[in-house]
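Structure record follows, encoded as structure tokens.
Labels for the chains are A, B, C, D, E and F, by order of writing; each one numbers its residues from 1.
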């Protein structure tokens, strides 16, 4: 039986991306089941479910942290997608990357834009949102 | 004669902290005058003055980026102070650090809290804001 | 009422350093209570309490990760202390730092040795262990 | 109308790689126009155009910084190409990576060599320079 | 003539992976011969050949350092392979990545698992070890 | 008996700072003797003694790498001192930090300037060089 935190995390991750709980479990459950549980329990059941900052702000922070780290491309693409799903605009994603240039340097900013570009192109193909005019 | 970007940056940095333009010039102007100019022109005249994200959001991003980098303590303390000056609450600062724990790890989060604690204590001594009850 | 994970984490952290649960709560409980809970629940109640690697191995990994990060000095000092408490020798701590030189570079290794030196000196003063001859 | 700094940056970036200003504008202009301008204005119009260090020294520094960061592969490849264009030899590129091994660790050095190798192979195909005997 | 350290390093690297000395020399010898020598002499002839920690412990440290750095994927894959060759189990590799999540953050842990997964799959294809049931 | 590489490294480190070999051995020899040897043998006996880049260029690279890493302050101060000893000017040190701002971000550049300032002040007190007018 899954814990209350796991259930709360599952619900929260699905707010950001439909069906993401199943995808996480499928991807990590076999090879690293504890780590898969921690993603749902700690990241989404604790950090994302605690009060304080609203969901959009948390998501903008996550994107800026991941772009700053610079070696977390799969996670950055994932969270850009989540951000777009909950109403962060493409322009805001690019604004975050642009702001990063001064603090984490231009390479981090440029690679962040490059990841965003790939996510945008993927979504355009899948017609998930109205293309920016 | 100072450029338009420099003047715009001076005005913007002073919104975040009164008299910060003079302090920057005093601190960097003699030893690294070009770098001092770039701080005012590029960071505050360009990044902070461009449209898009509002000032509070930009400041929260700056704080999360600096705490993620983990080796930018003087800048983090400075920008926590700026953030408090423009209406980010102490609780929100701590919320940012807490959120960071999952992505940049607990040491980055704990050291961010530690820097925030020092800034809060300094401000309590200087009576710059109402203490949280 | 504290969760079962919290209780398990308290017990585990105290295995590494007597009374460390109270010190964590005292240090973080007021300013960042959720983060304080996560330290006990996630780091010690989950990661340190899960089966698999034995305690000494986990502690050597923690020390190598913190020395590699290079910007986690308070946490590194803390975990060197914990390591010595559970039977890792001073020589092994230095062996870890020496090994790091090839992968994270000499500055990380040298700063790790420097932190270890401070911890060793502190413990010598407090007479916590037999000094190496 | 483009600023004087933009024009200066365009000219400078083209010294390093013919037509690079147009390529930058094409790549970033649509998705992140402000960031594209900053690349030309700040990186090339300010940093690369200021007096002090000569162009070759600046370029060697850029290469060492990017290889040290370790997560800036596209920028590293770009700047290795620029370096070769202005007369840095392949041997000097490899000397930089070799020197890095002691400070940023062997992985950074080895990945730097690997990026250099790809750039060299690409240039050999395009016959851009005399192959080393 | 190769130095004594080189010979010692060759022997040691081959304990971790059969024929790895020749592969290193082949890969680096032409383009970066000094760096290739340092890999064998310093990393394997010095660090891996010095007394103190046993080989398995050194290898677990190397894996945790590389996963923490986060931008050393080829080296991480290489050393996961070496670890499996000398008797570290797949479960232990995953345990290391899981432990990392708390200190270097979840992205480092998740990317470490992802690299491990690729190594495991490659080995399954080559039938190098018994598949975990 | 010390190896040839050790003797060569001792001589080289003393070119950069008089008596630095004895200081290194004194600082590391007791607590981490192997690491102390590797500093002299590998960093100064191999990297700094190999042909290719001249000493001044190597030293400028070392300074830029250490400032980029951002968590190597004692080593950065040390190598700024070495650089000044062999004829790199204070202005060139500041030029390096200024150049870094675009690639590793402003915090790395500002903290590099701050370390340089401390080294310059220390040297002014000790009257080691003519103060810049």
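Assume a residue touches a chain if its C-beta (ideal position, glycine included) is under 8 Å from a C-beta of that chain, and two chains touch if they have at least 3 such contacts.
These figures come from a predicted structure and were not determined experimentally.
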Co-neighbours of chain D and chain C - touch as defined: A, B, E, F
Most distant chain from chain C by Cα centroid: D
Interface numbering overlap (same over half, different under half) for chain E and chain F: same
Chain D and chain F: spacing of chain centres that average the CA atoms, whole Å: 25
Chain centre separation in whole Å, for chain E relative to chain A (CA means): 31
Residue numbers of chain E (touch at least two other chains): 34, 38, 42-43, 50, 66, 69-72, 75, 98, 101-108
Category of the chain touch graph - line, ring, star, complete, other: complete
Chain E-touching residues of chain D, taken from the complex the two chains share: 70-71, 94, 97-98, 101, 105-111, 113-114, 116-117, 120
Complex interface listing, chain A residues touching chain C: 34, 38, 42, 46, 50
Residue ranges of chain A touching chain F (in the complex, touch as defined): 102-108
Contacting residues of chain F [partner chain D, same complex]: 42-43, 47, 50, 52-53, 57-58, 60-62, 64-66, 68-69, 72, 75, 91-92, 95-96, 98-104
Contact footprint of chain D on chain E as seen in their complex: 28, 31-32, 34-35, 38-39, 43, 66, 69-72, 74-75
